[in-house]
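Note that the chains take the letters A, B, C and D in the order they are written out, and that residue 1 is the start of every chain.
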Amino acid sequence: MTKTIVKQEKTQIEKIEKSSFFKETMQRMVKGAGAKVGVALLAVIVISCLLADYIAPFSPTEMDFTALFAKPNARHIFGTDGMGRDIFSRILYGGRYSLALGLSASLLGTAVGIIIGSIAGYFGKKVETVIMRVMDIWSSIPTLLLSILIATALGEGFFNTILALAVGEVPVCVRLIRGQILKERCKEYLEAAESINCPKAVIMFQHLLPNVISPVIVHMTMGIGSTITMAATLSYIGLGVKPPTPEWGALLSDARAHILNYPHLIMFPGFVIALTVLAINLIGDGLRDALDPKLRS
Amino acid sequence: MDNTFLSVKDLEVIYTSGKKIVRAVNGVSFSLQRGETLALVGETGAGKTSIAKAIMRILPNPPGKIVGGVVELEGENLLEKSEAEMLEIRGERIAMIFQDPMTALNPLMTVGDQIVEGLRLHNDLTFAEAKKRAEEMLEQVGIPAVRFVEYPFEFSGGMRQRVVIAMALACNPDLLLADEPTTALDVTIQAQVLNLIKSLRQKYGTSMILISHDLGVVAQTCDSVAIVYAGQIMEYGTKRHVFKNPCHPYTRGLFNSLPSMNSDSDRLKPIEGTLPDPTNLPDGCPFHPRCPRATQECKIGVIEPVKVEPGHICRCIHAGAEKSVEDSKRIHSGEV
Amino acid sequence: MKKRFVSLLLALCLILTLAACGGSKGKPTGDSSEPPANESPSPVQEVTPPPVDTARRTTADTDERYPKVVIGLNSDPQNLSPFDPNAASKPYIFFEFYECLFDLENNEYIPVMAESFEHIDDLHTQVKIYDYIYDHAGNHITADDVVFSYQTLLDSGFAIKYSAFADIKKVDDYTVEFTWNYPLDSVGVLEFPWCRTFIFSQKAYEEGNFATNPVGTGPYKVTHFTSGSKVVLEAVDNYWQKDESKISDRHKAKVQTIEYTINTEAAQHVIALKSGAIDFSQVVPDENLKDFEGNEDFSIYVTPASRTFFMTPNVEGAFTSDINFRKAVFYAIDNEALATATGGTVAAKALGSGFFSDYQKSWEDEKTYINTYDPELAKELLKQTSYNGETIMILTSNAELHKNIATVVQNFLTNVGINSDLTLVEPAQLGNYTTQEGWDLFIHDLGGGSQLGAWNRVFNRDEFANGKAFGFIYDDTLQNLYKDALKVANYGPESITELHNYVLENAYATTLVCGKLNMVYNSDIANIFLREGAYLLPGSCDYYLD
Amino acid sequence: MAEYILKRCLALIIIVFATAFIIFTILYFTPGDPARALLGASASDAEVAAMNEALGVNRPYLVQLGDFFYDTFIRFDFGESWVYGRPVYEELAARLPRTVLIGLSAMVLNLFFGLLLGIFAGTHGSKWQDSLTMAIAMVFISCPDFWVALMMIVLFSLKLGWLPPYGIGGPEYYIMPIICASLGGIAVNARQTRSSILEVYREDYITTARSKGQRESVVVRRHMLPNALMPIITTIGTGFSRIVAGSAVIETVFSIPGVGTYMLSAINGRDYPAVRASVLFFAVFTCIVMLVVDLMYAFVDPRIKAQYSRVRRAKVQ
């Protein structure tokens, strides 16, 4: 009789392990209507940008001088810009840059933030105060200014822009992680891990991080949205990616002089940016609800 | 039934989440004499708290909804009362104590203010009079009056539960609903709190419904007991009936899972299986999937409560004579 | 959950409406005809302003002043001290309230504060100034003030193009003597020393801060300056030059108040014009010009500007050292299409802009790589070079017009099989890159007092630290041709054409487009007066008074 | 409370010193030089070199650093802006009111409408009101603010002609810039308020309050809001730095001469004194706002306030 009970318990435990943390979050997340719309929207946008070579009717830099400032018509769905380039194709090709920019800048910023944050959170005392003071300094300089200075110092280009955008993310992320770790630090499982003297790095990244990571993931997804808008703002003041890269921000800043007579130049890129950021925020919301421990029980 | 103080008939409560409907309470009926204490006993999730909140009509209204039954307090049906009238009743005639003292008090208001709030809602006292009355209540629950101005975080768990009790009994209610008041406390504090509740009840003659899953606490404080399972009362009777002669298999299962002092059996016998899914309750007796004595009849139709002896009913077809006390003892000693 | 889904669809159409309302609202109010979808708008070359309606009374006839005019500028003057008069939007404003000894008109020095001048010998010149000059604060201007003005400019470091100037000293109360480093035999050498150096009183300069409230001697004085937003000038009642005959057209005061408002967005200028917030703007985008055609409240005046976009090859570059490659590149570019694509510019037909007096129309008659677009020829020339697909580097600034021109040039080069990459630097730092290695083609714009003056920063190797002309050219013939053309003695069509043709033979540079002034102004302004053909002098324009 | 403020002010000074050092170093290593920016493209290289010498840009790093620290922190002389030709603090003082006006009023709008929308959505949890407000908030977070600004200009000044398109003057010039600056913030605040209210909605002390027979409106006002708004206070700080970052763009579109545009033109023109001064201004201003926010937090949250008063009270008893 006892053997059967033990067997029964084991199968139950195995079942739990199989549905890992990630799969479970995904299942719960997709349940929410908002997240469904978000995922669908983002999927459409990302796929169409990746397949730009096949979908886009024209190459992004091809100039058709007979059709300058053409209004949206059969041949050019979104119309053309001042140099006869097809807006629809430029948005598709541009999407790669904007999304890559937004994603990598957020990832870079968050990754650096996590590392510094966990060090500050876990080691505490002197290390923590020093790091937190540095973060105060870092966040006291306005993000846009920091990006401008970095972009000016390093000059134009894709990777410099990523660095310039990621710089703003770090202090916020560090503060978030440290706050979370403070909550977790008093929990017993950390003392248990220390008691069997497993190395500090393992404690930090295997035990501590998974419990602390969910608000950071949510913050990061929200961050992607604002990073894309920030990339657009950087291009707007002439510091973003260098032409002829059709990054969305560049499209907007080129179009602003013609907003009166050729509104389609600014309308479509603005609209697509809004949609993408909306989709990302919806996913962020879905993630937050899915990862929220209170909702989990 | 002349001085029946509270009578609940066929109370039904449901919660809606998304498309699914959770049937928390499915036709509960019981009555309470003035000054009497009734215990609602059952596993967590059996619907005990929903019954209490339904009585006071403070179910969180987007998900929870009372869909049937009558709750008569001294003859007046509370379910038909308007919200304004309920405001008069809550705190004045019915009060409630909650399970986790750590979160039951507003962290940003002083303890005194939270008691005064209840007092001034139901009797027009000036702040000074209410303050004096609140300080008296604090003294009664064993807290020095001078701590009136302190905040909840400056109190221990036990002390906070005393404050909650003071707050509940401040307006001298007729009925006290205690939702597992001592679960979150350690044993020594638990005894003090129970004695405090008992002494205050005797002093003000307050009748009480105690919700608990701890049979020890029930035995120590209650007059009559109702065993609740999946939103229905399986067995109802005086403490003596239910403890001495448990006839419903679920009640017996509860008693069996208690470590008894005299028998030396090394393993406890838990009731197999888990609570049924409230969104699609099994037909017939909800306990039949886990019941060792389930037969075909148990699985179909509605199981009517059977009067086993005066004042002691049991909702089980096989509750009849043949399963006598010895049998339960045998199960008890673990030969089966 | 369904409700949440519905509301999210709502969010999507909310964005749509916001965008659409921006879009549809964008339709110009006028009933201007929409260009049919695929026919591209024809580039507006030149529009002459409407003739003055002699029937109406204008300020030309009387001394009465037009009350107020608001001018839209698209860059901030930032600093009103009397140095560096060519930066940002200073040239539009300074010449209303500051004055120099002379004015420059077609390479001649017209006396203003100076009564007369006399060359003592090759290296000395004496200038006599009027003895009744007073500035706005009532300070009497004497020779001491003139010397002080020059000395202050030299100390400030802003004294550019002062190679000829050696010294200045006072002769008597109203005469100063200039000493030169070399005989003044080249054209326009005194443009900066005599016509760009403002004279002000020492007392006023030392007591106040000219950066925000300057005290000049011009027909207007500055009454309000908020950097980045607004400058207000008021006409001076007791202008020092009482003798009407001596007041040249550039020093009139026909409007009482001039207000300059600053906004960098071209679209904002159009909105401000339409809503009446400003009376004049010269940065109206090409496509908006037709909004104002046929509208009697506005007049349009479009004229080429002095600014010309040059593309200079690096003669020491890997491929650009080969003349055939250079010619292939130049023939591959269609200036007409480039002008239409970048908007607000006119195709260049020769090595300069028709705006200048010393620009010869005859240059446009011969078929050169500037005025002919021949991709086939370009491909053949390319075959004679060692180029096969490597990427060359085009360098320019990230200013709007530079960026667009470079992008279109890049496209033209790709069409003939030349791969190129763009490097964009900050506009303010572009000048530094001329002597730095690494670029193959350099797109930059040049302005100046005259065509020859404009070429100074391209062909005169003395201008550059590395002793080579722009594009690392070290060619004595080019240097001598340039120096000879400058000589006053043989300054004329032949010498400048000889230089022009020599450059074209060696394909040392090409021009792409010339700037264009798209001026739209309130029809109350009868006629427009442009100093040196480019900078509006509101005080000298005529206004209808009825 | 006093020594908490003292500790923070000390930290402020350290932060200012550190920021000054960082900005100086970044500027020192930025390519390009001020003379070329000042003299323009037509100046010859010799003249540019002479000007750089005059500006003292070629002096060794440490000498310049020493000079800068000596001037700024001892003589409190921020130096003269090379581009504007007047002392930097004078220009900053002239431009400060405009940026502060837009910044602070945008923050007030943020807080007011953000909370209003958040509470409205939170208290009507998972009903259509909640989803609608969140949808609107989502829209405004997603649109880049200069795009919204341009759309508003087209709508209000061109089509309807109610407001002037740009520039400074009477209050009507500031309406659109303030709205644009606050839109993003309102959306963010609304979302945060909503989620924090939903969290507090589930707390036990809310049910306790109801069980005392308290009216729903009073439960919301006295029990729910104070607890829900606690975390919101901290987001005011981050909200502020978001507005300051946006000020440069808003000021460019509406051509309002504020500290944002001043900083932008200073960076482009390599006007080192102006860049250093305006960055220091932003850093100090942000730190002060952060300090005020923390004090507000401490003042409102009894747990922190009690720590200080207990120390005082312990002495008293």
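As a working rule, contacts are C-beta pairs under 8 Å (C-beta built on N, C-alpha and C of every residue); 3 or more make two chains touch, one makes a residue touch a chain.
Keep in mind the model is a prediction, meaning the values are calculated, not measured.
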| item | value |
| --- | --- |
| Neighbouring chains shared between chain A and chain D, ordered by label | C |
| Of all other chains, the one whose Cα centre sits farthest from chain D | B |
| Chain centre separation in whole Å, for chain C relative to chain A (CA means) | 44 |
| Distance from the mean Cα position of chain C to that of chain B, given in whole angstrom | 89 |
| Distance between the centres, which are taken as Cα means, of chain D and chain B, whole angstrom | 54 |
| Distance between the centres, which are taken as Cα means, of chain D and chain C, whole angstrom | 38 |
| Multi-chain contact sites of chain A, meaning residues that touch two or more partners | 152, 155, 256, 259-260, 263, 266, 270, 274-275, 278, 282 |
| Where chain D touches two or more other chains at once, by residue number | 31-32, 126-127, 134, 138-139, 142-143, 150, 154, 158, 252 |
| Which pairs of chains touch, using the document's own definition | A-C, A-D, B-D, C-D |
| Interface residues, chain C side, partner chain A - complex | 1-2, 4-5, 8, 11-12, 15-16, 19-20, 22-28, 34-35, 37-41, 265-267, 270-271, 285, 287-288, 291, 337, 340-343, 398-400, 403-404, 406-408, 410-411, 414, 422-426 |
| Chain B to chain D touching residues, read off their complex | 53, 56, 58, 60, 62, 86-92, 95-96, 98, 100, 103-109, 117-118, 121-122, 151, 153-154, 164, 167-168 |
| Touching residues on chain D, where the partner in the complex is chain B | 125-127, 203-205, 207-215, 222-223, 226-227, 230, 300-303, 306 |
| Residues of chain D touching chain C in the complex | 31-33, 35-51, 54-55, 83-86, 91, 94-95, 126-128, 131-132, 134-136, 138-139, 142-143, 148, 150-151, 153-155, 157-159, 161, 164-168, 252-253, 255-257, 261-262, 265, 268-270 |
| In the complex, chain A residues that touch chain C | 32-34, 36-37, 61-63, 65-71, 73, 75, 82-84, 152, 155-156, 238-239, 242-244, 254, 256-264, 266-267, 270-271, 274-275, 278, 282 |
